[in-house]
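Across the two complexes that follow, subunit A remains constant while its partner is subunit B and subsequently subunit C.
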Partner chain A sequence: MNLNLTTALARFLIFPGLLFAVPAAWFLLWVERKAVALMQGRIGPPFMQPFFDFVKLLGKDTPPRVGAAGMLMKLWPLIAVSAAAGAVGLLPVLPSSGGFEGDLILLLALLELPSMCIIAAGFSSRSIFGEIGSAREAVLSVAYNVVFLLAIVSIAASQHTFRLEALAQLPASPLRWLGVLAILVCLPAKLHLNPFSLPNAEQEIYSGPMTEYAGPELAMWELSHGLEWVAATGLVATLAAPHVGLVWLAVLLFLALSFAVVLLLSVVAAATARLAIDTTVRFYWQVTLIFAVLAVSSALFMRLLS
Partner chain B sequence: MNILAMLWNNLRGGSRTMLFPERPKVTKGFRGLVRFDPALCTGCAICKMRCTARAIDFKSGKGTFTWSYDPGQCTFCGRCVDGCKSHALSQDAECPPVYVTIGALKTAYTVARKPAPKPASASPAVKPAPGGTA
Partner chain C sequence: MNLWNKLMCYSRRRSPWLFHMNGGSCNGCDIELIASLTPRYDAEQLGVRLEGSPRHADILCVTGPITHNAVNAIKTVYGQVCGPKAVVAIGSCPATTNVFIDSRTLDGPLNKHLPVDVFVPGCPPRPDAIILGVAKAAEILANRAANKIPVEPVVMALAGSECGEACACAATPDADKVAVPAANEVKP
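This part shows the complex of A and B:
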């Protein structure tokens, strides 16, 4: 089944798009905060806290922003939210839910957009903390994206398709598990979690690129961050989930796997301290590049065999 | 993998966060509210000089002086207590109480000056300032 306008809109707006993804984003944010709190011996936020935060921020004023830089500052969070929502909408949660050849590439581009918006937002805010945060985010994203993209591309290349749905339906190979592992290693950096929470290192540079943001604009950043959580954990869930025909079982499996990924990331975040930028970059370039090289070479090997 | 064991113990042991009426136990040498003993004070005002947070104020009057302390400004550094040669200052070994009105814990003492080098036969007249603990 190909993607027509109606199903595309339904996927973007209803499931797994905005209507599903926004509550899911709040839920995942809560799970992460609560899990880290419990592991640190704290009480943690109540269940509705991410939603309350969002509503509270929506009700606040933003400082007046003038000129082109001000316009851009208003624009970046909106682009980030739409990109993250689009990325969630592309995930093939339901079996035979449509899609098109090359949607994996679009998904990767959409997953990358919020990070670029964060970089741009930090620089257009002209705050010293924002600029440091943006520079860190830029360096970090160059470092982890090599691994992230190579892992995904090698999975896709070995299975001869850049279509997400086809990828999700193919039986899992050892190479795919290697790729999933490489993606998991990249997720803490993508989601700004410890030990790679450099861009928003709150004890050093306040919230980095977000320092100058307040009110509804900050609410949009929070939302886009939550949606990134859903998209990133959803991508892992899509690649790791075994293919099942039943719709409700597929949805349940997707949710359970996303939840498991969030818990895993929370444990890592709670168990580690923030690394310095040079250590982080070295880690990604040296250690995880091995993953990716392994994945690409075995992808080529599998291609030659088939 | 000690950190994972710590996380697991925290997870099992539940939260250690204390809810309001409960206060944390303090250790030996804990620096709480500063207490003032008017009977020992010589009125040298070194405590005021040493207080970088400006929580202690000292005003000289005619034959008397007024020593006042605002815990709201105090950082509990203990420098006033260390510097007090006559041991008129001490610190509570417990957490300061929770209060809701600004300045609720402010204290002020008006103390009569002791006659300078004479033998200390006359006991100093001590009276708290009017509304001193308001």
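This part shows the complex of A and C:
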């Protein structure tokens, strides 16, 4: 089944797009904060906390933004939110929900866009802390993206398709588990979690690229961060979930797997401290690159054999 | 008041983000402010988050007796906090300059420079008193933003057994010696 305009809009706006993804984003943000709190022996924020934060930020003033740089500063969070929502909308949660050849590549591009926006936002804010944060984000994204992309390419190449739905339906091979593991290693860096929370390193460089943002713009950043959570954990859930025909079971499985990934990432974040930028980059280039190159070469080998 | 305004007022009360500003403090109050976020007191239950940037904050927490050096920094940071905002003076120093009174290096107390909403006296105040002060400040901030009326500054009792009850003697350094049992609203 191919994607026509109606189903595409329905997927972007309703499920798994905005109508589902925004509450899911708040839920995952809460799960992350609550899991970290429980790990630290605290009670943690109430269930509605990310929603309260969002509403409160909508009601705050913003400093005046002038000129082209000011307009860009207003624009970046909106681009980030729409890219992240688009990425969530592409996830094949419902069985036979449609898709097109190459939607995996579009998903990767949309997943990358928010971090590009963060880099641009930090530089256009003209704050020294924002610029340091953006530089760190840029270095970090070069480091982890090689591994992230190689892992996904190896999965796609071994199974002869760049179509998400087809990938989700094929039975998982050992190589796919290797790829999922490599993606999981990249997610803390992608979502700015400990031990790779360098770009927004709180207290160290104030708030990194977000330092100059306030009010509704900051609310949009929070939302795009939450949507990135949904998209990234959803990608792992899509790749790791066994294929089931029943709609409600597929949705339930997707949610349960996303939840498990969030818990895993939060536990890792709570148990580790922030690493320095050179250690992080060395980790991704030396340790995981070997891992990803192995995955790609075995994928190509499998492809030659078949 | 329509539904959106009610929700906004409620959200403002439930999500106070703090920015911590040191105005020449001895570090005692700063440690107690951090202690209020630790597992024993866990201010995050009230939605409190210590933010890295003043732009993100709702409540400016100032410690210390305000030295000449700190005055301009505090005014700048107060300007950087986006409205609606509130100021909490943590400890006896920003309220009265405490034992440093009459020092020629000082330009305090804090309310000479900023409109302070809540004073939390103590040397240092207990973390539960700080949490209560922050909660009170969030309430003041929400009410002020909703009704557009000026609110008089509130002085918390030492451990804040009565939220919002202004303690007249607390503005003097002697108030530190008032022993009040620990608050039972904020238990670990």
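Here is the rule we go by: the second predicted complex is superposed on the first by the 306 of 306 C-alpha atoms of A that agree within 3 Å, B and C clash if a C-alpha of one lies under 4 Å from a C-alpha of the other, contacts with A are read in each partner's own complex, and residues count from 1 in each chain.
Heads up, the rule we're going with is that contacts are C-beta pairs under 8 Å (C-beta built on N, C-alpha and C of every residue); 3 or more make two chains touch, one makes a residue touch a chain.
Keep in mind it's a predicted model, so treat the numbers as computed, not measured.
With both complexes brought onto subunit A, simultaneous placement of subunit B and subunit C is prevented by a clash. Using the contact criterion defined above for the overlaid structures, shared-chain residue A:I43 touches subunit B and also reaches subunit C. Once the two complexes are overlaid on the shared chain, A:R65 sits clear of subunit B and of subunit C alike. After superposition on the shared chain, subunit A has more residues touched by C, the comparison being subunit B against subunit C.
Look at A:A270: by the touch rule set out above, it reaches subunit B but stays clear of subunit C.
In the superposition on chain A, contact of A:K74 is made with neither subunit B nor subunit C.
Judged by the document's definition of touching, subunit A residues 37, 40-44 lie at the interface with subunit B and also at the interface with subunit C. Put simply, subunit B touches subunit A in their complex at residues 3-4, 7, 10-11, 13-17.
Of all the residues in subunit A, the ones that touch subunit C in their complex are 33, 37, 40-46, 48-49, 51-53, 55-56, 58-63, 129, 202-203, 205-207, 210-215, 218. For subunit C in complex with subunit A, the touching residues are 7-8, 10-12, 14-15, 17, 38-39, 42, 44-45, 47, 51-53, 55-56, 58, 80, 82-84, 145. Residue ranges of subunit A in contact with subunit B, taken from their complex: 37-44, 267, 270-272.
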